Amino acid sequence: MYSFLNDYSEGAHPRVLDFLMKSNFEQNIGYGEDIHSDRARAYIKKQLKREDVDIHFISGGTQTNLLVISSFLRPHQCVIAADSSHINVHETGAIEATGHKVVVMPSQDGKLSPSEIQEALNYHQDEHMVKPKMVYISNTTELGTIYRKEELRKIHQLCKENDLFLFLDGARLGSALTCKENDLSLTDIAQLCDVFYIGGTKNGALLGEALVICREELKEDFRYLIKQRGAMLAKGFVMGMQFEALFQDHLYFEIASHANQMAEKIAKTLDECGYEFLVPPCSNQLFPILPKKLLEKMEAKFKFMIQKEMDDEKSAIRLVTSWATKEEAVEELCNFFRENKGKE
Amino acid sequence: MYSFLNDYSEGAHPRVLDFLMKSNFEQNIGYGEDIHSDRARAYIKKQLKREDVDIHFISGGTQTNLLVISSFLRPHQCVIAADSSHINVHETGAIEATGHKVVVMPSQDGKLSPSEIQEALNYHQDEHMVKPKMVYISNTTELGTIYRKEELRKIHQLCKENDLFLFLDGARLGSALTCKENDLSLTDIAQLCDVFYIGGTKNGALLGEALVICREELKEDFRYLIKQRGAMLAKGFVMGMQFEALFQDHLYFEIASHANQMAEKIAKTLDECGYEFLVPPCSNQLFPILPKKLLEKMEAKFKFMIQKEMDDEKSAIRLVTSWATKEEAVEELCNFFRENKGKE
Amino acid sequence: MYSFLNDYSEGAHPRVLDFLMKSNFEQNIGYGEDIHSDRARAYIKKQLKREDVDIHFISGGTQTNLLVISSFLRPHQCVIAADSSHINVHETGAIEATGHKVVVMPSQDGKLSPSEIQEALNYHQDEHMVKPKMVYISNTTELGTIYRKEELRKIHQLCKENDLFLFLDGARLGSALTCKENDLSLTDIAQLCDVFYIGGTKNGALLGEALVICREELKEDFRYLIKQRGAMLAKGFVMGMQFEALFQDHLYFEIASHANQMAEKIAKTLDECGYEFLVPPCSNQLFPILPKKLLEKMEAKFKFMIQKEMDDEKSAIRLVTSWATKEEAVEELCNFFRENKGKE
Amino acid sequence: MYSFLNDYSEGAHPRVLDFLMKSNFEQNIGYGEDIHSDRARAYIKKQLKREDVDIHFISGGTQTNLLVISSFLRPHQCVIAADSSHINVHETGAIEATGHKVVVMPSQDGKLSPSEIQEALNYHQDEHMVKPKMVYISNTTELGTIYRKEELRKIHQLCKENDLFLFLDGARLGSALTCKENDLSLTDIAQLCDVFYIGGTKNGALLGEALVICREELKEDFRYLIKQRGAMLAKGFVMGMQFEALFQDHLYFEIASHANQMAEKIAKTLDECGYEFLVPPCSNQLFPILPKKLLEKMEAKFKFMIQKEMDDEKSAIRLVTSWATKEEAVEELCNFFRENKGKE
């Protein structure tokens, strides 16, 4: 039974794994100070067109989020986020566990707008309330939507005017930057955000996120903080090698494109079959609204997640593709939709 | 230049890496609930001769230590440890960052004795001081020494009488259990400790420690706590597969034995050359006291760490072997000692 | 200019202050273990009709809230509260600073209903989300409303069924228990809540809240936790004496009644003048909706707080009375409303 | 039975209490923004001969210590202190509970020397260890000793050179600045420390410490942090009034002098009787070494604390005087020593 549950079901892209094999017996320096991590940093900086950033490899998204937020905020400062954001919903209170409130604003499509950020600022005005100091956004969002360059630029501008750090969670940045509607580049992101990360776990690596600190004042002593949170792997080179493999050429973007193309095929078929979506399809996560009767049949052949019950007849589900998604499986899924169309 | 700096310079044991390769394209359940993690748990339980334990795979030692200590202590409770312990010295205050004091007792050989634990208990008597609730020991210790069964039994007994949790850090448990002086088995440890871990990072894995929770009352909701600390890897199966490879047969112990044998050779040669040790050699970490002039020559050929300056003439160094240590390199090091003997 | 800003503008009730004067030169034991604290505890227990509770005197509301919540929850557990609750809005993230998420449910009148609590429980179902373990309510609420016995009983029942602790913030419990609509007694509250406090700061004391721990399992080591949070006053007897003065007879309730009566007079006048309220008037906090033009005049004679702008013409304000509110000032305020009626 | 147990057994100095009485019915602004707090600040600034400091009134010593340390350190930074320091021993891990390690250096007399601080700096050199950023000293120390101007100047210099904050705990600063050996003034302290406090609880107030922040960069948003830790009293004016009473003239120093004089009398008598001291007597805390047989008799007449058992025959005890210590009680104690001299 093929799974469209998520984008972290398989291991690593073969070229990433080959790289690990090939370098396995080298004696490397520990804790991320090895030559592979350095090379990976150099490759990424080249793509960012900035040499003046610090790059650290962290094992996963929640780890990176809690590390960034707890390192850069003073105890009374909070982070503003969409109510659907990963840090608010799906990290078991990881941010609060480091002492910080997540101030949430309602969002329909997973995105945060400048006006919502402004509203949060307006509300927090005195010392009896937490003080906003950071804005957290994700690209793609938890609903598979993306930020356009103009949107990001406006958020950047608002943050700058209000002395807020802008933090972009790029667990699925590969998919965001390679989808059709996208007009952002890695270079843009490094210009517009204070800190962000390039997700490896969900795009070809066994594990690892490349955290990029763009703002000078945030760089100091960051390795102390990585260590303190238990996020400094002894064999840091295991992440360095994987990012070297992903960024020494265009592998990272090629495989993200594949994920998007697979999703696009499915979306096109669903559209042709006349189904609607909870949010417009855009990246490697799709949220079609399907008849429950169809879902019953579907469960026997494919794995997927129920996102939301719409009414007695229909539910929105989540379908996710990845670098590893097989074309035949996508074809099979599309056929399933076509064949069952009208039979519900 | 061959490195005896530590036991985490190379990647994974080839049989571990093969296992990852072979299973790379399987679609696995995320977050450590996959079939490989389950199998690895079953293999380990068999060795522990206990089915009633919970096993979780965590990415590294500091992460595991902070997770265990912060999960099982109430805010006012502290952990008692040797002053040389990893949690006191080399984790950038990771334990304190979760809110808990580490109460340290002086130790000559890295070990904690029942009388030192008792002394700490005697000192902490009222509500103006933290309340001891856990004892942390490591095996092997940070100085490469080990606990004998009788020693561990006495600590266990003291902990039981005083309602303290006994936590054993087994980052180097493989080396401990396969060294000559050892009379403990995994089964013993699972009987005598409330919680402990079996280190993978330093014995054949790319990353991963197998945390074993033996005490019923400590098991509840532990996965929530793993997630909250950022320690739940999306691709948890990457650790599950590695522990499956290490524990489906005797690989884990075979490769730990190799590390010990390599260390023994070096220790024997150092002894024959008349050098003394900071602590008696026993496991895969050696702490010989060598003339500084010899160390100057040695630096050109081998990598090692200065542990402690003894006087103007001599320093104690640390030499570490691992599953990956090559016999030829050990031979070369031994020859170096023999050839330079008396020339300092 | 007379202030109706809040109920903590004046010092202590004269009989409380007299008590402090009279006992000033006694030599008392420190840290709340003195004879006055003991007597105060005995008087309160008598009113609760329970001997099996633990009572601690804490300096203020936020301090008590953060102490209770951080002491009784494990790191991954959260507290459910109304969105208007003090812990969510006006404590500068004090709860989050101790590591816990406040899960908020929308509330119109400051109260939390069983169905809202149930909804929060339904939403939090797996280890990727925080786990509800406590319900926080306040009586009176931040909007001056109160819980009826039947309402509290239902919440108690739901908490019991779901193994949740029920915590009642009684910063204004005096006003709640002496207002007209009330049908709860201190005895009821001690039966229905696991932990609650009886506010002194806002009802006659210079400072101090009497925290009552009703549930056996929550009592252990609580004084350690008080000390650790910096909440154990060296001269704890200063609070003990004040609660002794308030509870040795009916002073606490008499002066709370006075506050309510003063509020009632104002509410009656406002009602007669035809003004509406944001929430129905009930206790010592009133939230009338008044024409902005009237408020402009009012500002010259009285201090009050703007609660919410309703539209271009009107705002809801907050008027607060206390044990210290002077009858003449209330008369003056009522006259102001009567005289200006219809002139806006 | 007269108590020499501590300096917080009685209420407030009569002139302080009178002040509270006199101002009791004023309507004051809440949260420490009242006119009395402002006046108290102005009086203190005058004594400091600095207008550019921020002064906040906090309810107690542990509260102030945890607030200062947690507000000014980043998560990976630690505070260096003497092993006998209050923050290390007697605050139930309050500092660690905010996430920070207390790095302790052994001290014989309760004081920290520049060379000990330097040693701590030398030891903490890389990101696997916490990073020293603050030095904590107390004056008087927990052993009643004081810092001379030259000593404080050298510590200041070392801190400046190493970019460390210097924090002086002045819970007993009154006694320190009025004892015979002292050559420091409040003005000196405000020049040499980055942050310090002037203790009220142990010198005439019901409660309250005046925290003085001298360093510009530490001032920002401090009231948010006070609120967050539960340390912002609604009736902040209760502390403001007391410090106004203590600092509008020389009351604070007069009553501290009294405490010292009482201690001096006792010390002189003990010396005449030929008894030795654990540390040389200097301020309002004395640590004489007395025969256990004498202590048995003494227990029937006076309250005191055993500090340390010296051997089978003798123990060091702690005797504390305060603003409230009665001359007759001191006379009685001295007579006791004289009469029992030689009879043990």
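Residue numbering begins at 1 within each chain, and the chains themselves are lettered A, B, C and D in the order written.
Definition applied: a contact is a pair of C-beta atoms (placed from the backbone, for glycine too) under 8 Å apart; a residue touches a chain by one contact, two chains touch by 3 or more.
In this text, all values refer to a predicted model and were calculated from it rather than measured experimentally.
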Fill in the blank from the handout: Contacting subunit C as well as subunit D are chains A, B
Practice task
Would you identify the chain whose Cα-based centre sits farthest away from the centre of subunit D?
Solution key: A
Fill in the blank from the handout: When A-B and A-D are ranked by contacting C-beta pairs, first place goes to A-B
Problem - Distance between the centres, which are taken as Cα means, of subunit D and subunit A, whole angstrom - result: 51
Exercise for the section: With chain centres taken as the means of their Cα atoms, state the distance from subunit A to subunit C in Å. Expected result: 43
Handout entry: Inter-chain centre distance, subunit A versus subunit B - centres from mean C-alpha coordinates, in Å
Key = 34
Exercise for the section: Would you pick out the residues of subunit D that each touch at least 2 other chains? Expected result: 75-76, 91-93, 97, 99, 127-128, 130, 224-225, 227-228
Exercise for the section: Name, in rising order, each residue of subunit C that touches subunit D in their complex. Expected result: 2-3, 5-6, 8-12, 14, 17, 20-21, 23-30, 59-67, 91-94, 97, 201-202, 206-207, 224-225, 227-235, 237-238, 324
Handout entry: Residues of subunit D defined as touching subunit B within the complex
Key = 75-76, 78, 89-93, 96-102, 127-130
Handout entry: subunit D residues touching subunit A - in the complex, by the definition given at the top
Key = 70-71, 74-76, 99, 127-128, 130-131, 221, 223-228
